[in-house]
Amino acid sequence: MIIKNTYDVSDELLEELKHVSVSTASHTLVEMGYRNAYMQGILPMCFPEGQSSAVGRAVTLRFIPLREDLVKQQYESLTESPHRSALESIRKNDVLVIDTGSHMETGVIGDIFTRRLRYLGGQAIIVDGCIRDLIRIKDVNFPVFSKGIHGSAIPRTLMSVGFNEPIRCGGVGVVPGDIILADRDGVVAIPPQCIEEIVKSARDHDELLEKWIKLKLDEGASLHTHYPPNTEAKHEFEQWKKENGYV
Amino acid sequence: MIIKNTYDVSDELLEELKHVSVSTASHTLVEMGYRNAYMQGILPMCFPEGQSSAVGRAVTLRFIPLREDLVKQQYESLTESPHRSALESIRKNDVLVIDTGSHMETGVIGDIFTRRLRYLGGQAIIVDGCIRDLIRIKDVNFPVFSKGIHGSAIPRTLMSVGFNEPIRCGGVGVVPGDIILADRDGVVAIPPQCIEEIVKSARDHDELLEKWIKLKLDEGASLHTHYPPNTEAKHEFEQWKKENGYV
Amino acid sequence: MIIKNTYDVSDELLEELKHVSVSTASHTLVEMGYRNAYMQGILPMCFPEGQSSAVGRAVTLRFIPLREDLVKQQYESLTESPHRSALESIRKNDVLVIDTGSHMETGVIGDIFTRRLRYLGGQAIIVDGCIRDLIRIKDVNFPVFSKGIHGSAIPRTLMSVGFNEPIRCGGVGVVPGDIILADRDGVVAIPPQCIEEIVKSARDHDELLEKWIKLKLDEGASLHTHYPPNTEAKHEFEQWKKENGYV
Amino acid sequence: MIIKNTYDVSDELLEELKHVSVSTASHTLVEMGYRNAYMQGILPMCFPEGQSSAVGRAVTLRFIPLREDLVKQQYESLTESPHRSALESIRKNDVLVIDTGSHMETGVIGDIFTRRLRYLGGQAIIVDGCIRDLIRIKDVNFPVFSKGIHGSAIPRTLMSVGFNEPIRCGGVGVVPGDIILADRDGVVAIPPQCIEEIVKSARDHDELLEKWIKLKLDEGASLHTHYPPNTEAKHEFEQWKKENGYV
Amino acid sequence: MIIKNTYDVSDELLEELKHVSVSTASHTLVEMGYRNAYMQGILPMCFPEGQSSAVGRAVTLRFIPLREDLVKQQYESLTESPHRSALESIRKNDVLVIDTGSHMETGVIGDIFTRRLRYLGGQAIIVDGCIRDLIRIKDVNFPVFSKGIHGSAIPRTLMSVGFNEPIRCGGVGVVPGDIILADRDGVVAIPPQCIEEIVKSARDHDELLEKWIKLKLDEGASLHTHYPPNTEAKHEFEQWKKENGYV
Amino acid sequence: MIIKNTYDVSDELLEELKHVSVSTASHTLVEMGYRNAYMQGILPMCFPEGQSSAVGRAVTLRFIPLREDLVKQQYESLTESPHRSALESIRKNDVLVIDTGSHMETGVIGDIFTRRLRYLGGQAIIVDGCIRDLIRIKDVNFPVFSKGIHGSAIPRTLMSVGFNEPIRCGGVGVVPGDIILADRDGVVAIPPQCIEEIVKSARDHDELLEKWIKLKLDEGASLHTHYPPNTEAKHEFEQWKKENGYV
């Protein structure tokens, strides 16, 4: 039995997901029964000023510690290593998610790969391990997330073994086609069939209520009565919505 | 025998403590026989531009890994969980210090709690664990320190079990009423009876001498003679103070 | 709201629990919705030959990093420190569970404390941290579990701050009165109201089936058909039970 | 380009490999240019008394953190999950090598799976993660290696996603068909084309020399002259061989 | 046999090395057979705006956990501790590299030492451990790299035991006289005899080709054909160089 | 200023130290003001049955990560590498203490070195890192302590750089000539001038009292009155000594 996603998410829906924060999506997923969607310890190394989030479909790539004879064989061809194939397979609104096994002893992404991915319409690169050449990646000015930096390149210790398999990243299982949402708080991998509910829940509901709660807190309302709102506070909120033309 | 502080520190003294750096206070405490006051690995996630330090009295809060039946019971009431009670108990010049057991698998503080604490006169939040929704915490623009970020919220893995007990934070024992001093170098928990000496020592002494030593180093003085100053250098310093109207 | 257990377990039921393995109890608890009951990384340092398991009610004890003035005060009395009080409070069929915050820099239990606990009817000591003097603990020949060994004693780095509070141990929340089951595979903390079901489930069911499955596997049966048994294998099992006088 | 082994090793050669220690094989591989063959931190949890080593061809299995909807789907069939298929695919002289991503939060192998693997002619199980029910595995009395023990079972946190792919284990890349050699010192994964040289090197050479060196050391010979032997010591060794009928 | 460098690098060559990035140098060294030159986990804590890199000859300093009687003896003299001697020994274009054993429990460098080192012509300070008083180090505005921050000072837990010995830093062996290259991506320790080749390789070769590859990638060229360039792309590059006056 | 011991301990005193346990020595040292003498995480990998402890004077040895050119140079001579020189320098009642920087990626001691050290009168080997070939070390049957096992040998990743320098081992500073005491509870490094007091304190005092306390505990005495003994219990003890002919 192959572990795979069978649900497609439209580009329009991806666009709407950009208005949801990683923190909100992560919390909503726990409430929907998906306990393990936020990638632990994977933070933005480069994120363009003014961009609020990055969203796309997961293309996955997996590295293992190299074996000297097999990696030599792999490098004899310029076109056939899984990491190059994964990069060249990127389509509009894809996100490349890389499993190195939390390997901190070499970098697997530099500015050249980042540049190519951007050209192909990719939206972000997520690495459970290290990137290299952060200085030049910052020139490309593209969303790149990782656990750390290492100066050396792939052939120091790793070889790629496959792409578009289910992988691990930041302690989270990532299946090709998962929807990746990344912002300055980190990265969440969302099962595609959950996007609609997450977007709807964020849109209809939370934001107006949250805005009002913050207003009330700034006026001195207590957590006990206003977060979450008790019956009385809910009435107050309904009243406020009417008075301010939201209903 | 209850482990507790029995010494009160006035708001005026807290105000003076703001002029002492975490680094100076931490070093002075070691010299006074308190070896373990600096919290390891707890760094500013949000710190208002232009503010030099945050100072206040510790209110403590403790989480343990949740038990499914007990946490359900806890969430049935809006007013009685220890974490909400701790927050609502905050008074002017308090600092909330949270022990999650260095738990990195969920966030315990977001922008709503931060906003409430600020309203109540709290001065900072210190978490031995993760915060969430850093982006919105930055909108609140308030001193928040932690070991990391996680997208999910408390009920993913934790439940609160008590407040104003002695706790651990960053490898340091923190007793309610300890004085917390936090700046861009991190956080130190100070026994209240030590504040006066720390403030006095910083005020009378070190700063003028340190200023002069830096002047001398910039003129080429050697560490061997000037840091700390040997007898000759001390005379030189006394002379300089007279010549420059400090005595 | 105080986090506490409200269910009592009889000594008879505890006795029956001794026939359930930590592994079975841990798995059953996950199926009952309690995901986090097995203590990670806490293994037997001393376990009497011939004893299969240790069972008892949790008495909890908590240490924090010491503060020099407060620990001095604590040691001025021989009778009032929380760790001594916790030990002296032990009754028949209690297990002492100690939270040091995974502190590996000193030992909190030696042979003297172990000896006293045994005299009082305690069944085991579980430490999320280090023990000391393992050689002499082995002379006492009593079930003691920990994360490691350290030669030094409590006052090197720790002070006790309370007992019979909810604590953490091995990444598990432990509430006073939880039932502790420990064997050579480690330790599980069981909510008291779950014991009956765990004992019943182990007794009625699993053991005979498991015995039969092992017999079949040793004859070459496939996991696909016999573990868990499919419809046909279930009939086979019923047949076997009849033929062997189990029904 | 698929990363795979293309070299077959006969059962006879495997038999001979049993006379080589993990330590010797690991060192020889470094000298042959394979730097990374010894699996770090993976030690025997169960190893039959009197057996000196376990040898076989790697069958690989990979787990990732579970996703709730996909794991549910996986468990609806008894025959199709990758971990069951991997186990049932075991043939004589295979070794099952499991990549859980060093996941310490649940056990993936218990006594039932171990029993089945033994029946099918498997030689050992190697887990980069945890096993469960060590007590009953010891009844099976079969070579099982892991990083630790956890009481819970697979569905607590993991799901299997593939078998006979290249994987990671103990920081080593393992390709299906690699030859696994395991003894009380741990585990080494050997490229199949290297076996002949390793066996030959161990047989012809090292053992007699090493025996003689140990004899000399016990008589007081210095490392400087005898380990490795300098020109004079080599003559001495040749002489000794002649005198003792080895040549 | 003393482990030492015997090759001198001129100040002019050091100047040229400033144009090479840490990432390029680290990768070139792996290709030259030096696998382990990039220091893992040691990142800039302070780096002057506008400065692209820091370069100099390694002066090494080593700390061990203090012994109370010996450290007392050490502090009785102002001029003779190894850490003070190391600092005072700094000459133009030196870099101070400090081995604390990855000790995270006290800071070994503050603003005073940084100031003195800058006056003496030092180019950077690299610490495998913690610094203190980062706020004031930022006033000095000098390249300082470390693994973290701690508020306390040396005598809390450490004592210096030697300088200009071979040491460890970030998992890399550093021998006095090694050439240190540090930029925003971290730090690399280069054997002095390799500098010429690294500088030459970076100058002649890579930069123009890399510039052209980036141009081509931004026009949509594939990694498969252009990175590294295949035969056709190499011709294209030669053509481009001629057309643009580079040859 | 050279950090060194200036106090000699006689072989007779070493012999007496064998009657003190690591746990007692470690605790006494903390009371004497030496807080950091027990080596954390360094446990017996091989310890002869029937031997109670190992005692000797520290000869130290230090490794750093290898540099390819320098290690090649080192291996060109059989007699001059620091690790071989350290081994050959061993005299009666020495203990070899090895600092690898907690490096877990290769083994530095095998059965050959162990055999040589035993011949020369060495008493134990202590490694802050890994040993190799534990199976054959067990044939030598000699006290060897380490943090773990690795199959590979020194030249995989390390080179020795010096011996009889102050080093780190298990988080403890070790100075040549320190007295090493090792038993099944681990290892403690004792400043030589402290041996006499430790031996005396253990001999005169503790053992008889402790024997009596254990007797009383087995009769049901409380920790509150008998450990440590209060005034009344002290009288009781004096009485008991008289009655039993100890005074």
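Each chain gets a letter, A, B, C, D, E and F, in the order it is written, and its residues are counted from 1.
The working rule: contacts are C-beta pairs under 8 Å (C-beta built on N, C-alpha and C of every residue); 3 or more make two chains touch, one makes a residue touch a chain.
All figures in this text were calculated on a predicted structure; none of them were measured in a lab.
Listed by label, the chains touching chain B and chain F alike are C, E.
Relative to chain C, the chain whose mean Cα position lies farthest away is E.
Shared numbers divided by all numbers used gives the overlap of an interface; between chain D and chain F this overlap falls below half, so the copies present different residues.
Of all chains, the one whose Cα centroid sits at the greatest distance from that of chain A is F.
Matching B-C against the pairs in E-F, D-F or A-B identifies E-F as its interface repeat (over half of contact pairs the same by residue number). Note: centroid distance chain B to chain D, computed from Cα atoms, is 50 Å.
With each centre defined as the average position of its C-alpha atoms, the distance from chain A to chain F rounds to 50 Å. Note on chain placement: the centre of chain C and the centre of chain D lie 33 Å apart, centres being C-alpha means.
Each chain gets one centre point, the mean of its Cα atoms, and the points for chain A and chain D are 37 Å apart.
Residues of chain B in contact with at least two other chains: 35.
Taken as a graph of touching chains, this assembly has some other topology, since it is neither a line, a ring, a star nor fully connected.
Touching chain pairs in this entry, ordered by label, are A-B, A-D, A-E, B-C, B-E, C-D, C-F, D-F, E-F.
Interface residues of chain A facing chain B in the complex, by the touch rule stated above, are 21-27, 30, 35, 37-38, 40-41, 43, 183-186, 188, 210, 213-214, 217-218, 220, 222-225, 227-228, 230.
Contacts from chain D toward chain C in the complex involve residues 78-79, 84, 87-88, 104-105, 107, 110-113, 115-116, 119, 132-136, 148-153, 155-156.
Interface residues of chain E facing chain F in the complex, by the touch rule stated above, are 1, 3, 33-36, 64-70, 73-74, 77, 80-82, 101-102, 157, 159, 161-162, 165-168, 171-175, 191, 193.
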